[in-house]
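Structures for review follow.
Look at the two complexes coming up: chain A is in both, with chain B in one and chain C in the other.
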Partner chain A sequence: MPTSNVASSAATEPASRSLWSLGWQRLKRDRVGYVSLWVVVFFMVLGAAVWSGLLARGWDQEVGNPNTAPMWAAQEKLQHTGTSDGMEGATGPIIRLTPAEDPIADMLAAAEHNKSKYQTMEAPKTDALILGSDQRGRSVFEKVLQGTGTSMLVGIFGALLSVALGTVLGAFAGYFGGKTDDFLMWFYSVFTSVPDMLLLLAFAAVAGRGFTTLILVLSFTSWTGVFRLVRAEYMKQRSREYVQAADAIGASHLSRMFVHILPNISHLLLVQFSLLLVGLIKYEVILSFLGFGVGVKQVSWGSILGEVPTELMQGYWWQLLGVVIMMSTLVTAVSMLTDALRDALDPKVK
Partner chain B sequence: MTDREILLSVRDLKVGFRLEDGGRFEALKGINFDIPRNRTVALVGESGSGKSVTSMAIMRLLPEFGCEIDAASEILFEGKNLLKATTGEIRSLRGRDITMIFQEPMTSLNPVFTVGDQIAETLIVHAGLGRAAAAARAVELLREVGLPEPEKRARAYPHQLSGGQQQRVMIAIAVACEPKLLIADEPTTALDVTIQKQILELLANLQKKHGMSVLFITHDLGVVGEFADEVIVMRHGVIREQGSSRQVFEAPQDAYTRALMACRPALAHRPERLAVIDDFLQPEPYVPPPDRARGYAPEDRTVLDVQDLCVNFDIREGLFRKRKFEAVKNVSFKLAKGRTLGIVGESGSGKTTVGLTLMRLRQAASGKALFDGKDILAMNPREFKDYKRRIQIIFQNPYASLNPRFTVGSILTEPLRLHGIGSNQAEREKIVRELLDRVGLPSRAMGKYAHEFSGGQRQRIAIARCLTLKPEILICDESVSALDVSVQAQVLNLLQDLQDEFKLSYLFISHDLAVVKHISDQVMVMNKGEVVEQADSDQIYRAPACDYTRRLLGSIPRGWTPAADAA
Partner chain C sequence: MLGYIIRRLWQMIPTLFGVMLLVFVVFNWVGGDPSYILAGKRLSPDALAAIRAQLGLDQSLPAQFWLFVKQVAHLDFGLSWSLQQPVTRILAERIGPSLTLTGTLLVVELCAALPIAVLVAYYRAKLIDRVVTIVCTVAMSVSSLVYIIVGQYVLAYQADWFPVQGWYDDSLLHSWLVFVPLPLILGLAVSLAPDVRFYRSFVVEELQQDYVRTARAKGLSERVVLFKHVLRNALIPVVTTVASSLPFLVLGSMLLERFFGIPGMGNELLAAVDKSDFPIIKAITITIAVATMVFNLLADVLYKWIDPRVELK
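What follows is the complex of A and B.
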């Protein structure tokens, strides 16, 4: 009897779970958070597809007539022009001429013969685009997709870089304290004493345009929040018993900082990352809108929005619609995911 | 027991908690008990026994979410079912008829209000007193609970008071409205022995004076023996035994109760092995092992010789001034191979600082610590690295000392890797498996995380981590203080076995005099950073030479004595 008990209890024993997998389980139970996660993953895949050239490669081709409305919104206009063929006012009999009678028959035949010489290789401009076209006739749909790719790239790498920067500096400041902390805090204070937007603009104005500068500029201005948080966490954790125990078994400073303590604050970093992702995407939009963002040959949500004010005055609203749908979906999803992550990874809240 | 008028009765109380994975944990499996008027009832049990859940259920403080109370359960307070009462009714009962004091006085008091205001608030809300009258009554209450200079103390903030004084304030708040029932949830667990004694006496006096009932919740049978009228012993959500103190202490019916009494180290004798719960739950009767003799012998080899150790902390005062605080003053002792030196003292005595300084986790101001003739305090970090292996520490809180993100396997292989023991991962894992077996854990524990183990198991993991490096000296800093009595016995037995096997030397730091007496060959008593007395343990307990030691020994709860009942 006792042996069978032992056997059954060993068999039914649940698999060992790390704190991460427990958090993942909690996240899965949070319906809103779980859906948001998949939305964010979808956007990331979309961004990757755009960047690898699988999607929206030809966004800068002028495939349509300038400023055509989306095809589902253009019905009314088509009908209006479709009923008139320009011949309504003509009256009188139609006279058919034989080729011998026709004074321009020869010219017509020659023209017919030479037609192939003048045939343009350009594809015919279309009016049927999902989201219409912009001023130059580029497909708004492809343009928005391309913009999504750009914004995701800037957001993800900017956020990664600022989290990394903030974490490393914060870890040193919080762990060592004393002079190191003082120095890094001065550095931090200088950065935060300048208004964020001004600093961004100043960096952007000096560094010029383009992705790399954009990512660098964004992360140089937004590491400060992470720094504060990580510093405080390290100050708290460094005197914890498990860190002292690591010291007692002979772990070095770096090992204590990044092998022992870092995993214990990693959930905070994940939350910071997703907060920054939203923040940086919005900053990128603002910078590009103001003309400090991506280069003229690149497109992002911000640069599209930059074209919007003049277009709206002429009644061309579709670019705005495309960007707004994409951006609001992503930003909302990331915000909700952040919230869900915080709940799922916080060991105290159940 | 003719005047046994029932104040509160709990009938078939069943409480379950929904777990995260969809399962259910039955915290209370249908318990029944009564609290008579003007009596002290002690509810005794180890962690997980459901004693705190019971008190929370009475106060209706259980969380709304995830907690289910069976519909048939009843808690009748003066005939009224508290479980069915409206929120308004409960609120008027709490703080007036039923009050509660908690384990941690510091966190139960609001740090931004003066203690006088906090007492007055209760009076204004429940007794309907005016502001001035309430303030005057607050001072009176502070005098009643024995705070010196109550007028001045009423204007103090909680952090300006010591732990014992804070607990007195909590008691003052609790008795302010002359409650009929006072629930005390481990009120002395966080306090020093001398303070514990004072608080217990105060509670006993107040109970008699106000004629109230006290429900005293504790894990320590020794504490309740002196003043409880009735005792209830709980385990795993079930009441194992209940009855009058005389009955429970003199003729315990239940095997678990007997085990609880036996596994606590006693001052009177020192068995070779402490009894554990399992000894009593087996069919064959428990035979106490013979006593063990302790003490330093003249032929002992000294491993660690500490001479005039001083440790100072800087306390910042104002902007630029610093004040030197002497945490440890001229401490000297010798630790012999294979022996245990116990360090006892109240909080703030500097005993922990001594341990941490020897590990070089604190900076010594002066003094020497000769380990095999070499001063480890004067070494540079590289030289010390070799010695670090040989001197290890086990911390108090097994919940905090294991990294929650590591598996047990990586916690235990890390020290081996850092010190280059074992040539590859497989070999290290083999060493770890042997050690796990030695401390009584299955080898499949390696893949698990620390949060999946109980407190006692975690402390075993912490011990195993120290053993990986084959140390010669083990510093046990309150290593068993956070554990349940029965688990404490197991860990103490384990430590003893390891000492016998590996000839380890222990520096055993604890505030618990009985535990120190049990495990130590020599005992050093510390007070305010200084050594007040140092001698072989039997001698120090039999004939303490100094006043402070006598006072400490006098504060140990005597437990149940037949004489106490007669008086």
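What follows is the complex of A and C.
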């Protein structure tokens, strides 16, 4: 849609524009929201590239020397190599046992002799990594990218599942009312009377680790907000005229719920989705940090942050830097996008 | 009013039943058979059978559930699997340190966040409001973990202004003076930004009401309008939010407790999840759920008490 004729087209045909196209127009006019939209899209593409193996496939390869500083922080690197060879001052004549005194001299000689047989070819290690390397010599840049992929995967699918769960349950509760509503409200009150983090930890305690369990656990605890909202909307919408009209032409309950009413509240769901996206990414980071999130062979921002406290004391700050930059950018962009979406899609704001 | 409270208490029973069912399903059904873990290295059929009988695992699922309900009713959650001590006693010991930290945090946070919120709401859309909003957005984008990690490293390890971690088991006051300040500062750093934004929205909403315009029109000074009229109304949602957040105090600030070695409920919960110590997790979940329900009721009653316009259904 070209922006030049917004005013004229809105003036000539105001009735024919859908909520979504009007919302899109408003979002485009909101500069901050529009930029954040593209930042979020960029992160999603990044995430997709990481899952499909286009990017950061070799994150677990030990390509560099352990704990090398980023290549643009050369000063730091010099200091680091200077201190790591702290044993230099202690070079003196090494006093060895004579072969006669040494009880394992024969074995040592044999080991020395056989050493060449077991030698492994070692790839040359590099010092020039854009964000340095971790203690095993893995590239921090690739690790952080892989972590971004994990966060996007868990965040997006967790939020999708939560929204789906909350929507279906909320639709049934709000549309049918009565006994169904009572039962689902009971279900809801049970889940809300336990704080989120506690419920997450309780599920995590029995569920083990890995992406799938993480996504399931997060969505089982996070559907309640969507449920409340959707239920209230369905209670409001079910007696509207268009639903009665749908009833009159013989639409079934399910078709009225999900074909007729659902599109009318879909903009609310989009806002909920982006709210949940930020929330779940934050939860995932904390869970993985505590060791209840991704598996030991997977990496996420949280598990990287778990390595940071001990690294900081040794003066290795680059893993922290990488995670903070990526995570703050994403979280800020999604939060601003949420605000912009709310402004753009809420029909009451004209 | 009394009728309302009784009705609400009555409604808690099915919810509590649901929470117990949820906890039971999660730990006894999904969680599987713990007797292999408990039997340890000396695994013999006799030992396994004895442990199963002791935990009631040899009975049917409904019978096991009934056992659990009786446990909850007697407030006796059995022995911790890892420590072999009564769960109730462990939790009673952990509650003090948690409240020492989070109680202080709550008070300091309210005293810090409310004035800032009122100030920026009063100067809405002016420079100071925009600056604070941007600072809050940026501050909220950084994970709370990062604040704690960096804060502990810079303020305690590098600058040596505070102890890195620890707790005196014998004296809460002593611990409060020595070990609470740094977690307090970091807890404040984490929660100040979201709280300021949250409270600001209440004050902004009140400032747009008609009574504010009337008060100004009849010539009241801005100070009287702000503190006598607006603040008193804006405090209503603040009070109820705080009241319903009180159960979280009991749970403590889990991450802070973990980082600073404070022997509170949150730390105990994390240790229990780490060691798959189900009785402790179950006991904490049930306790917090009950506390949440009671404090939600309290919040509603409080709401009615400070704002007589509210009708309780």
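Keep in mind that, in the parts below, the second predicted complex is superposed on the first by the 287 of 350 C-alpha atoms of A that agree within 3 Å, B and C clash if a C-alpha of one lies under 4 Å from a C-alpha of the other, contacts with A are read in each partner's own complex, and residues count from 1 in each chain.
Just so we're on the same page, a residue touches a chain if its C-beta (ideal position, glycine included) is under 8 Å from a C-beta of that chain, and two chains touch if they have at least 3 such contacts.
Please read these numbers as outputs of a predicted model, since none were measured by experiment.
Chemist: With everything superposed onto chain A, say whether chain B and chain C fit together or clash.
Modeler: fit
Chemist: For A:286 in the superposed arrangement: first (chain B), second (chain C), both or neither?
Modeler: A:286 contacts chain C only, not chain B.
Chemist: Output check: A:26 vs chain B and chain C. Expected answer is one of first, second, both, neither. What do you get?
Modeler: first
Chemist: Just to be sure I read the superposition right, which of the two partners does A:324 touch: chain B = first, chain C = second, or both, or neither?
Modeler: second
Chemist: Which partner, chain B or chain C, touches the larger number of chain A residues?
Modeler: Answer, by number of touched residues of chain A: C.
Chemist: By the touch definition at the top of the document, which applies to A:340: first (chain B), second (chain C), both, or neither?
Modeler: In the superposition, A:340 contacts neither chain B nor chain C.
Chemist: When the two structures are overlaid on chain A, which partner does A:186 contact: first (chain B), second (chain C), both, or neither?
Modeler: So A:186 only meets chain C here.
Chemist: Output check: A:240 vs chain B and chain C. Expected answer is one of first, second, both, neither. What do you get?
Modeler: Only chain B is touched by A:240; chain C is not.
Chemist: Quick one: is A:201 in contact with chain B, with chain C, with both, or with neither? Answer first, second, both or neither.
Modeler: In the superposition, A:201 contacts chain C only.
Chemist: Mind working out whether A:308 is in touch with chain B, chain C, both or neither, as first, second, both or neither?
Modeler: It touches chain C, and chain B stays clear.
Chemist: Could you say whether A:332 touches chain B, chain C, both of them, or neither, answering first, second, both or neither?
Modeler: second
Chemist: What's the minimum Cα gap, in whole angstrom, linking chain B and chain C in the superposed view?
Modeler: 5
Chemist: Write out the stretch or stretches of chain B touching chain A in their complex.
Modeler: Answer in residue numbers: 20-21, 66, 356, 359, 361, 385, 388-389, 392-393, 395-397, 400-407, 414-415, 418-419, 447-449, 451-452, 462, 465, 468-469.
Chemist: With touch defined as at the start, can you tell me which chain C residues reach chain A in the complex?
Modeler: Listed in rising order, the residues are 14-15, 18-19, 21-23, 26-27, 30-32, 137-138, 140-146, 149-150, 152-153, 157, 247-248, 251, 254-255, 258, 269-270, 272-274, 276, 278, 281, 284-285, 288-289, 292-293, 296.
Chemist: Hey, which residues of chain A end up touching chain B in the complex?
Modeler: Spelled out, the residues of chain A in touch with chain B are 14, 16-19, 22, 25-26, 240-242, 244-251, 255, 260, 263-264, 266, 350.
Chemist: State the interface residues of chain A toward chain C in the complex, per the touch definition above.
Modeler: 186-187, 189-195, 197-199, 201-207, 282, 285-286, 289-292, 301-302, 305, 308-309, 312-313, 320, 323-324, 327-329, 331-332, 335-336
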